[in-house]
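Next come two complexes built around chain A: one with chain B, the other with chain C.
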Partner chain A sequence: MREKAIYILGLLGTLLIVGNLYHIFLGMPGEAMQGQIGKMIFVHVPAAIAGFTFYGVAVIGSIGFLLTKDFKYDSLAVSSVEVAQVFALINLVTGSMWGHIIWGIWWTWDLRLTSQFMCFMLYLGYLLMRPAVAEATQRATMSAILAIFAAADIPLVIMAIRLHNVRTQHPAPVLETGGLAPSWWPPFLIAIVAFWLIGTALVLVRLRQETVRREIDSIRRELHAI
Partner chain B sequence: MNLDFLYYGYAAAWIIVLGFIFLLVKRGQKIDHEIARLKSQLEDKEK
Partner chain C sequence: MKQGLAAAWLIARKDLRTEFRTRDTINASVSFALVVLMLFSFAFDLGREEFYDISGGLLWLVYTFAGALIVNRSFVREVPNDCIDILIASPMPAWALFLGKVVAGFTLLMIVELVSLPVFGLFNNIIWLPTFWPQLGVMLLASWGIAVTGVAFSAITVNVRLRELMLPVLHYPLLVPLLIGAMQISTVLLKGQATDIFQELRIVIVFDLIFTSLALYLIEFILVS
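Now for the complex of A and B:
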């Protein structure tokens, strides 16, 4: 059942992306001010939204583990963090390329960019910390606390371009201020849905691996006891 | 240059996703191999 869901979600997401790419590259003119590079919005912003969604799932999984001590929640958390990291990295890389063309610089340490980079690094720390803790319950508990702590950075990323007293290189929220042309909304929304679908398929694959890994641990314990 | 960097951006996104899928597949193969090895080891010990 899960295998089927993985294939369906992955295939559906890929088809949506391929159709969307065809439309973006061949069926749409460039953005009025920025030209073709403005189309980076169809990968840069959906990647950020998908990343934050899966960080959110990781926080829910982490809270679930702390409340129940059920390792399924820990598996959900670590799977979601890995997938969220993929999207966050896409967001950072595409943002840097976009910035290089529009601002003339690859990177600047302003609040928006720095807080997003911090978010990525905090969750990278989460992933690097896990193999260093041998005992499963301790590892899951520490991971859960770190995942929740790191999530405190997410509101900062979101608010960085909305606070009046903060100067940032990054533009004000385009989506909320009517900066996106009506004809740009459908491919934009399709890109978000496609990233969610592909991300969910990847989380399901990782969840299966975590389940097998727990099975490996229990067999090792059994072997040790014999 | 404007269009080139758009291509680079989309290519980078695909490379990152495909790289992660490659790592997942490699890790999955390693885990499947490990569980098969441990199961046979357990069967041998139980005999």
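Now for the complex of A and C:
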């Protein structure tokens, strides 16, 4: 059942992305001011939204583990963090490419770039720490606490950088200002849905791997006991 | 509650007494602060006015690097002779143990900072004395944040392989909002500007409140596991 769900979600997401990209590249004119590179918005922003969705799932999974001590929640948390990191990286890299062409620089320490990068670094620490803890319950607990700490830190980072750097060069987010042309909305929303679908499929694959890994670990322990 | 606070005070006194008997950590930390201060003098070739612009940032880098040495050792020092197991098994609540360790770490951190500040002023020709009291206020507030998160990470990473490498990767990114606030306030104070620093102060205080309450609540989970 789960296998089928993975295939269906993955296939659906891929088809949506391919169809969407075809429409974006061949069926749409370039952005009025920026030309073709303006279409980066169809990858850049949906990746950020998908990334934050999965960070959110990871925090829910972490809280779930602390409350129930059920390893399923730990697996959900780590799988979601991994997937979220990929989306965050896509967001950072595409943003950097766009910045290179429009701003003439690869990177600047403005509000959104810095907070996204900090978020990426905090959860990178999370992923680095996990393999360094040998005992499973301890690993899950420490990871859960780290994920919660990181989540509590992100609003503060945004608050701090907002003070520090008001002269932001980042375009105002289209979702807040509604500045996106009506014909740009459908491919934009499709891209978000496609990333969510593929992300969910990846999380499901990782969840299965985590379950199998736990089973292998317990068999290994039993063998040791014998 | 009252008993918990008494236990926390006991732990803080124990930690400070152990530290002052050997003075291992504090000596290393002060020396490290001096080394960092010396390295800064090679790293930047700036005029006096320009140096004032980055003075708060540099000062807090020294405090953070030197301070992390102190607070991150907080729980590790209990590992030899299995002291940590005894502390966890003792009837005192987990938050009291944690609070005691934070108070001890915070005190040591303040000592290192109070030694580093005049040396920083001396080496770099920075006049710090007229704004000492407000500066001390920032140091107290921001150092509490460093101590709370540092001791929490010390507890989290007690059993982690390569913990010395892992700790900075985990701890420093978390401190970013606190440091942004503290660095800006310190720069404004050292430059003697009449800028409104209420917003920065608010971030430092909010950081302290959020992480103190989160850590006091979550420490139970950390220590039990």
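Operating definition for what follows: the second predicted complex is superposed on the first by the 213 of 226 C-alpha atoms of A that agree within 3 Å, B and C clash if a C-alpha of one lies under 4 Å from a C-alpha of the other, contacts with A are read in each partner's own complex, and residues count from 1 in each chain.
Throughout what follows, a contact is a pair of C-beta atoms (placed from the backbone, for glycine too) under 8 Å apart; a residue touches a chain by one contact, two chains touch by 3 or more.
Quantities reported herein were computed from a predicted structural model and do not represent experimental measurements.
**Student:** Tell me which partner A:Asn20 touches in the superposition: chain B (first), chain C (second), both or neither.
**Tutor:** neither
**Student:** A:Thr53 in the overlay: touching chain B, chain C, both, or neither? Say first, second, both or neither.
**Tutor:** neither
**Student:** For A:Met40, select first, second, both or neither according to whether it touches chain B, chain C, the two together, or no partner.
**Tutor:** In the superposition, A:Met40 contacts chain B only.
**Student:** Between chain B (first) and chain C (second), which, if any, makes contact with A:Ile219: first, second, both or neither?
**Tutor:** In the superposition, A:Ile219 contacts chain B only.
**Student:** Can A:Ser62 be said to touch chain B (first), chain C (second), both, or neither?
**Tutor:** In the superposition, A:Ser62 contacts neither chain B nor chain C.
**Student:** If we overlay the two complexes on their shared chain A, which of chain B and chain C does A:Ser80 touch? Say first, second, both or neither.
**Tutor:** neither
**Student:** Pick one for A:Ile145: touches chain B only (first), chain C only (second), both, or neither.
**Tutor:** A:Ile145 contacts chain C only, not chain B.
**Student:** Need the overlap of the two footprints on chain A, from chain B and from chain C, as residue ranges.
**Tutor:** none
**Student:** Taking the touch rule as given, give the residues of chain B at its contact with chain A in the complex, in rising order.
**Tutor:** 1-3, 5-6, 8-10, 12-13, 16-17, 20-21, 24, 27-28, 31-32, 34-35, 38-39, 41-42, 45-46
**Student:** Which residues of chain C touch chain A in their complex?
**Tutor:** For chain C paired with chain A, touching residues are 149, 152, 156-157, 159-163, 166, 169-170, 173-174, 176-178, 180-181, 184, 199-200, 203, 206-207, 210-211, 214, 218, 221-222, 225.
**Student:** Hey, which residues of chain A end up touching chain B in the complex?
**Tutor:** Contact set of chain A toward chain B: 21, 30, 34-37, 39-40, 43-44, 47, 82-83, 86, 89-90, 93-94, 97-98, 100-101, 198, 202, 205-206, 208-209, 212-213, 215-216, 219-220, 222-223, 226.
**Student:** Over in the complex, which chain A residues touch chain C? Could you list them?
**Tutor:** Touching chain C: residues 66, 118, 121-122, 124-125, 128-129, 132-135, 137-138, 141-142, 144-146, 148-150, 152-153, 156-157, 159-161, 163-164 of chain A.
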